[in-house]
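Please find one structure pasted underneath; my questions will follow.
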Amino acid sequence: MADATTDATTDASVAPTSRPRLDVQGWSCCAAAAAGFVVCLVGWLRGGATVSLPWAPTLGVRLDFAFDGLAALYALLATGVGAVVFGYGARYLSQHLADHGRPRSERWRFWPWMALFAVAMVGLATATDLVLIFVFFDLTAVCSYFLIGFDRERREARTAALTALLVTIVPAVALLAGAVLLSATYGTFSVPELVERAEPGTTTTVAGLLIVVAALAKSAQVPLHFWLPRAMEAPTPVSAYLHSAAMVAAGVLVLGRVHPLLARSEVVLTVLLVVGLTSIAVGGVLALGRDELKQVLAYSTISQYGYVVTLYGMVGAAASGAAAFYVVVHAVAKCALFLSAGAVTTATGEDRLSHLGGLGRRLPVLAGATGVAAATLAALPLTGGFFSDELFFGAAKEQGPVLVVAAVLAAALTFAYIGRYWMRLFLGPTGTTPAPLSRVLVVPVVLLALVALVVGVLPAPITQLAEDAGAVSHAAPVALSPAYHLDLRATNVMALAAWTLGGLLLAVTGLRDRASRALAVAGDRLGPRRAYTASVLGLRRWSGRVHDWETRDLRSSIAAVLVPAGALAAAAFASTPIAQAYSVGPISGTDWLVLPLLALTGVATVVAARTRERLSIVLALSAVGFALAAVYALQAAPDVALVAVLVETMLTLVFLAALARLPGTEPRRESAPRAGRRWRDPVIGAIAGLGAFAVIWGYLSEPREAPSVSADQIRLTPAAHGKDVVTVIVADFRGLDTLGEITVLLIAAVGVATLLRRGRLWLPRPGRPGARRSSCGWSPGSCWDRASWSPSP
Amino acid sequence: MTLAIAAVAAVLFGAGSYLLLQRSLIRVVAGIALISQCAIVTIIGSSLSEGRAAIDPEQGGPLSDPLPQALALTALVIGMGTLALLLALVHRVVVAHGTAERDELRDVDRPAVVDPEGAGRREGDETE
Amino acid sequence: MTALSLALLVPWAAGLALVVLDGRRRAVGWVAVATLVATLAVLAVLAAAVLRRGAVEYVTGGWPAGVGIVLRADALGVTFALLSVFVVLVAAAAEAVVGVRERTFPGLLVLLAAGLNGLFLTGDVFNFYVFFEMSMIAAYVLTAYGAQRAQLRAAVIFASVNLLGSFIFLLAVAGTYRVTGTLAMSDVAVRIAEVPASAAVAVAVGFFVAFSVKLGLFPFHYWLPTVYANTRPAVAAVLSGAVANIGAYGLLRFGAGIFTDQLRFSATVLIALGGASIIYGGVLAVARRRPAEMLAYSAIGQVGYVLVAVGVGGPAGLAAAVLYSVVNALNKALLFLTTAVRGPLVAGAFVVGALSVAGVPPAVGFVGKLAVFRTAVDARSPTLVALLVLGSALSLLYLFLIYQREFWAEDDEEVSADADDARGEHTRSVSLRAIAVALALVLLVGGAWPEPLAALSAAAADSVATEADGATR
Amino acid sequence: MRVVARLLLGPSVVVAVALIVKGYTKVGDGFAAGMVVGLAVALNAVALGARGAEEALPVLRHAPRVAAAGAALALVSGFFPLALDEPVFSHRPGPDEKVVSVGTAELMTAVSFDVGIFLLVVGVVTVLVHQLADPDQEHST
């Protein structure tokens, strides 16, 4: 793939005339995002607003939106970073499509999803109803699915998309479950109301854990982190957006939104702390050893959101505010890093650190801007990163020594991997010579770097935003005071320690790389990704096996109905009292004539079941029918007896007529049955018969003492001007049944005609040649092909 | 009497079920026919009162329960319709497939042997 | 009363007329569509009346209830009637736009709708059976539509298994009359309470088996994959979106409305069977390569949710069962239709259907999922919640595996294209695509504004509860 | 056999009419009557073959129309009260009204419903028998 890109790039640079045309969709998305940013900014400065509209009152869900601090923060990120990314993407996508020889119309598979992504993020940021949150939460996942799978002709992209979909959406169901649990207990889906009502306890803990699972999967935290590095198959703008302001941020956004609830459970907080710290460690160590640019950044993201999760795991105003601050700074820096990585790959056709190097000389602007972004992650002074780490350290300090050490180690790790990344890329010997870069691919990086610098000098606006957002997460006012202090206060000492440690890590290359590789290998062997793959593949294998077994052994579908039915009947029989529930019933008068007829029926039935000759089957069937007709006559049911005789005669005639003309009438010797099969059918038949016996005898033994409705019918028959009650019932009382019954008969005739004569109820007049193929309707094309009607060869 | 009716119905149902399991489509049709007889004899058996045929009720005296008889009439007719249809269907199938053995009916589009392992390998692409 | 009668008469009369005409003429196909639209309109009027003033009820011939047949339109029946007629309408339109190929097809579809209307709107147990047979016999013929070998084989299996189910149902009807002495549902519901347990449970088992076969519930489902996968797409849509509703409706009407005690008695069994269906259908769908076959197994899994909801019961459970049935029918109708056509918009429609099945917003499916989750939480059962999550995961996996193979991976396309050609070729008909997209939009609108659906299903559950309450009083 | 079949047709119609007329007082109704006629037709078809029977009795050709007419008559008889805003299957004359009789036959809508059933059954049975007795026409030609 890398080679193909190289070729395409060189072609493009040789022939600059083939420069792609303006991407209208992309630029309009960019403009819309920018406009959205302005609107959000104005909205925030005006102090926000809330909207609450009925949505589905029956389900108890409302369209609750609040444009509070948290919403403002994430909405500004989604639109602001969105505008930058979209602008970058407008150029990048054209190049990407041209490189891969894909039509420009493919843009329609990209920009709508990007735009929807931004909208969903803003929606998620402002939603305060848990179901509404779930809706937007999944919407972002759906968008990311299509964007990650944008290069759908590549198998890796398809796999990555499916993984991302499964790993983020399935846990999202847990969010729904948690929401339902909370609403079942406290009667509302609204987060603010829940914050008022929810009390610490098992329900809150369980619901909190469920929500946390969804959020952590989305934020790519260990052990559900593996989808994110894979998702690097997406085009660069998607990755940049995904990592900085959209998909991954959605997870911590939800954490921030429901944090007052989570804070009511120690268990949940501990889980957050543990998962956050583990993610920092795992992501950081793995980022140290990665070779592919985007992979380094992906693991970096896992690690960085680990910081935020850890902060949410600590309780306190400082932690909540720091988390919000951290998200902003990280979004700016990470977005810049991704865009720069995309620019590098576009320019060189290379995506591996080992093949790159010394780019600083050729691409100084890019190197500088990327350097600022890397410094921001490394928390160097004069960048926003310094303050975010200062706040992080400050929050950790309040939690005790363990977290202080952990925080320092985490910062050192970050310093090391991002330092390695930048140095490998821009310093050292030149790896691949870059082609000239479009300015549109560089300017966004510079822009973001400038933002990071501005925050580093003037933190006040972002501080204000973070305080507002933190106030929502903490459910109380939050005050942050990031500033430079030239003294040896604890946070400064921690920062210095982190830089020193990080510098050491940068220096000891051998040990560092070995450790990272060892963890990567261990992860591949035992890690969650492997478990995921194994379970999916195992599932497919099992699915195939069970299906195979089903088609081979159970497709004789009728057995599969009879046996469970018999089992259910047996269960019913066993689970109800049977004492005196069954009666033999009295025998009187004509019954002595009925009994032999019933016996005859039984014999004929057995004959019908045993014989293989078609003719004898028909004869046995009619014997059954006539014997039963006689029974009906003796049971004082002359109408039924008459019709039964007529129907039986007719059926016998029809059977004979049809069988006589059935092709292949030679009764075939059934091939030797498999062992065990010989007895299977009779046993199943016996089970079915016994089940029927239990059920039928069961209810025949329970005649109701109260008069049946037929007493009324007998009484009313004269009023209906009739004497034969049965006929009156058929034609009058239950005439609707009769109408239905004859309709069935008519449909049957039509059906027979459909099957045997293409729906023609009667043959065309024999004298008219060609009459048969005449009436094919007005459009000859709609006629069924004659060939398909003859037996297929 | 109750027991006798139930027993005959059970025999009809059991034999019908047995026939439904057979490979020959003709016997499958016969099985449905027997099971429909089972249903009708059960309906008649579920009469609540015994007496003379329910004609001219003003004459007095106990009458047999007319309602199940009406139901049985309807069920008989429906049974006849479905049987005729099933017969035609079987006829059509026999013509199209050239066999009256159920197990020999194969979809034209389904390979006779399913190889889940092979399929698994080919499909592994999207998951690994 | 007029609307109730018209709901029966319109499709019945039109169906009888259409069935003797040559349905391959465009005009006949469109008259069928128009009839179904008219039926839908009548049902809408009826539904409005039912929702405003409660159940509409009268007895044929003006006789006392029980002597004549009680016709009764309550929220549950109207909901299912609307749903089923809508699905049949979609299928009829789908065939009408590409050209009906068999004379009797439009007429049979309309008669099927008439039968379904009848059985959803009757208050009489035996009358239910008659309408049930009326729709089923039409369905048997429709299954053979296309008359290729695959369809004929499907029709034989469909007919033989479902006839067995029908006769089991008839046996249960006979038992109902025997033990209660009446056929009117409301009277049966009252009198069944006094019947000794053994007989009542025996009858209830009969009904349960009959409806389970119709629904294709594990372990009664073995007929279903062959049938759904081999009939033509429009017919598969009707079978899974309209005919299968009989099973769901029957479970609700007979289980929750009439055999209330027996249902409570066997709730565990129902939930276990529902859970088994969810898992079994989901697991088997994962490795299917043909969309139609995957959908068939998916259908088995999806009805499991309905059964679980019925098993848990209570107002929330029944409402969830209704809601889920409606959503599921629409999903399946859409997805089966998309197997008939190709094109980018169809891919979009498939995605909407897939998301809906998996319960992912913005498609309406998530509303059903939400309702089912609520019942699971009401039942205080973590196992059930885990089961539902697992079911969602499975459905997501199999749907998107198929989606990627069908619509993304060009190199594999011939595989399934060949297979689907066997059921009738893939068309690229623009109108058919438009129908698929329109149906997808319905699902999206349902997801964006779920209140009508939620209110309707709540009312339906309420009507069942009223019936059951009337019985205990 | 052929002679018997032919001979049976006349009496069968008579029996059928009798069954229908007596229907409301004695055993039998439209359905049974239809079946009797249908049986005679079926016997003809089995004896002469479907084509032969049709040539012998050209009137059979109208069987589908008869069935349709029967269905229509039955439907109308059942649903006409709708126009009068009464429940369907409210037969006229109503329960306590006087019935006009011609001989033993009573003139009422219930009887017309029965006649509809009779016509439908005759038509359907004829169609069914002819289809099943001679199904291969389409495939062989």
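A, B, C and D are the chain letters, set down in written order, and residue numbers restart from 1 in every chain.
In this text, a residue touches a chain if its C-beta (ideal position, glycine included) is under 8 Å from a C-beta of that chain, and two chains touch if they have at least 3 such contacts.
Everything numeric in this text was worked out from a predicted model, so none of it was measured.
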Exercise. Chains in contact with chain B and with chain C: which ones?
Worked result: A, D
Problem set entry | Between C-D and A-B, the pair joined by more C-beta contacts | A-B
Problem set entry | Between chain A and chain B, centroid-to-centroid distance (C-alpha), Å | 42
Exercise. Could you state the distance in Å from the CA-based centre of chain C to that of chain D?
Worked result: 35
Exercise. What is the distance, in whole Å, between the centres of chain B and chain D, each centre taken as the mean of its C-alpha atoms?
Worked result: 27
Exercise. Quick one: chain A and chain C, Cα centre-to-centre, how many Å?
Worked result: 24
Seminar exercise, completed: So chain C residues touching two or more other chains come to 12, 16, 20, 60-61, 68-69, 71, 126, 130, 133, 137, 140-141, 144, 147-149, 160, 164, 171, 174-175, 177-178, 181, 183, 226, 287, 401, 404, 409
Exercise. Which chain B residues reach two or more other chains?
Worked result: 17, 20, 38, 42, 45-46, 48, 53, 55-56, 67-68, 71, 73-74, 77-78, 81-82, 84-85, 87-92, 95-97, 102, 108, 116, 119-120, 123, 125-127
Problem set entry | Where chain D touches two or more other chains, by residue | 25-27, 31, 64, 71, 75, 88-89, 91, 128, 131-132, 135-136, 139
Exercise. If each chain is a dot and touching chains are joined, what shape do you get: line, ring, star, complete or other?
Worked result: complete
Problem set entry | List of chain A residues in touch with chain B within their complex | 155, 158-159, 162, 533, 536-537, 540-541, 543-545, 547-548, 551, 556, 558-559, 562, 583-587, 591, 594-595, 598, 601-602, 605-606, 608-609, 612, 614, 617, 621, 624-625, 628, 631-632, 635-640, 643-644, 647, 650-651, 654-655, 658-659, 661-664, 667-668, 670, 680-682, 684-686, 688-690, 692-693, 696-697, 699-701, 703-704, 708-710, 713-715, 717-718, 723-726, 729-730, 734, 737-738, 740-742, 744-745, 747-749, 751-752, 755-756, 791-792
For this session: Going by the contact rule at the top, pick out the chain B residues touching chain C in the complex.
Result: 17, 20, 25, 28, 32, 35-36, 38-39, 42-43, 45-46, 48, 67-68, 71, 74-75, 78, 81-82, 85-86, 89-90, 92-93, 96-97, 102, 105-110, 116, 119-120, 123, 125-127
Seminar exercise, completed: The residues of chain C that touch chain D in their complex are 1-2, 5-6, 8-9, 12-13, 16-17, 20, 58-62, 68-69, 71
Seminar exercise, completed: Residue positions on chain A within touch of chain D in the complex are 638-639, 642-643, 646-647, 649-650, 653-654, 656-658, 661, 716, 719-724, 727-728, 730-732, 735-736, 738-739, 742-743, 745-746, 748-749, 752-753, 756-758, 761-763, 765-766, 772, 789-791
Problem set entry | chain A to chain C touching residues, read off their complex | 54-59, 131, 134-136, 138-139, 141-142, 145, 149, 152-153, 155, 158, 161-162, 165-166, 169-170, 173-174, 176-177, 180-181, 183-184, 536, 539-544, 546-547, 550, 554-555, 557-558, 560-562, 564-565, 568-569, 571-573, 575-578, 581-582, 692, 694-696, 698-704, 706-710, 712-713, 716, 732-737, 740-741, 743-744, 746-748, 750-751, 753-755, 758-761, 775-779, 781-784, 788-789, 792
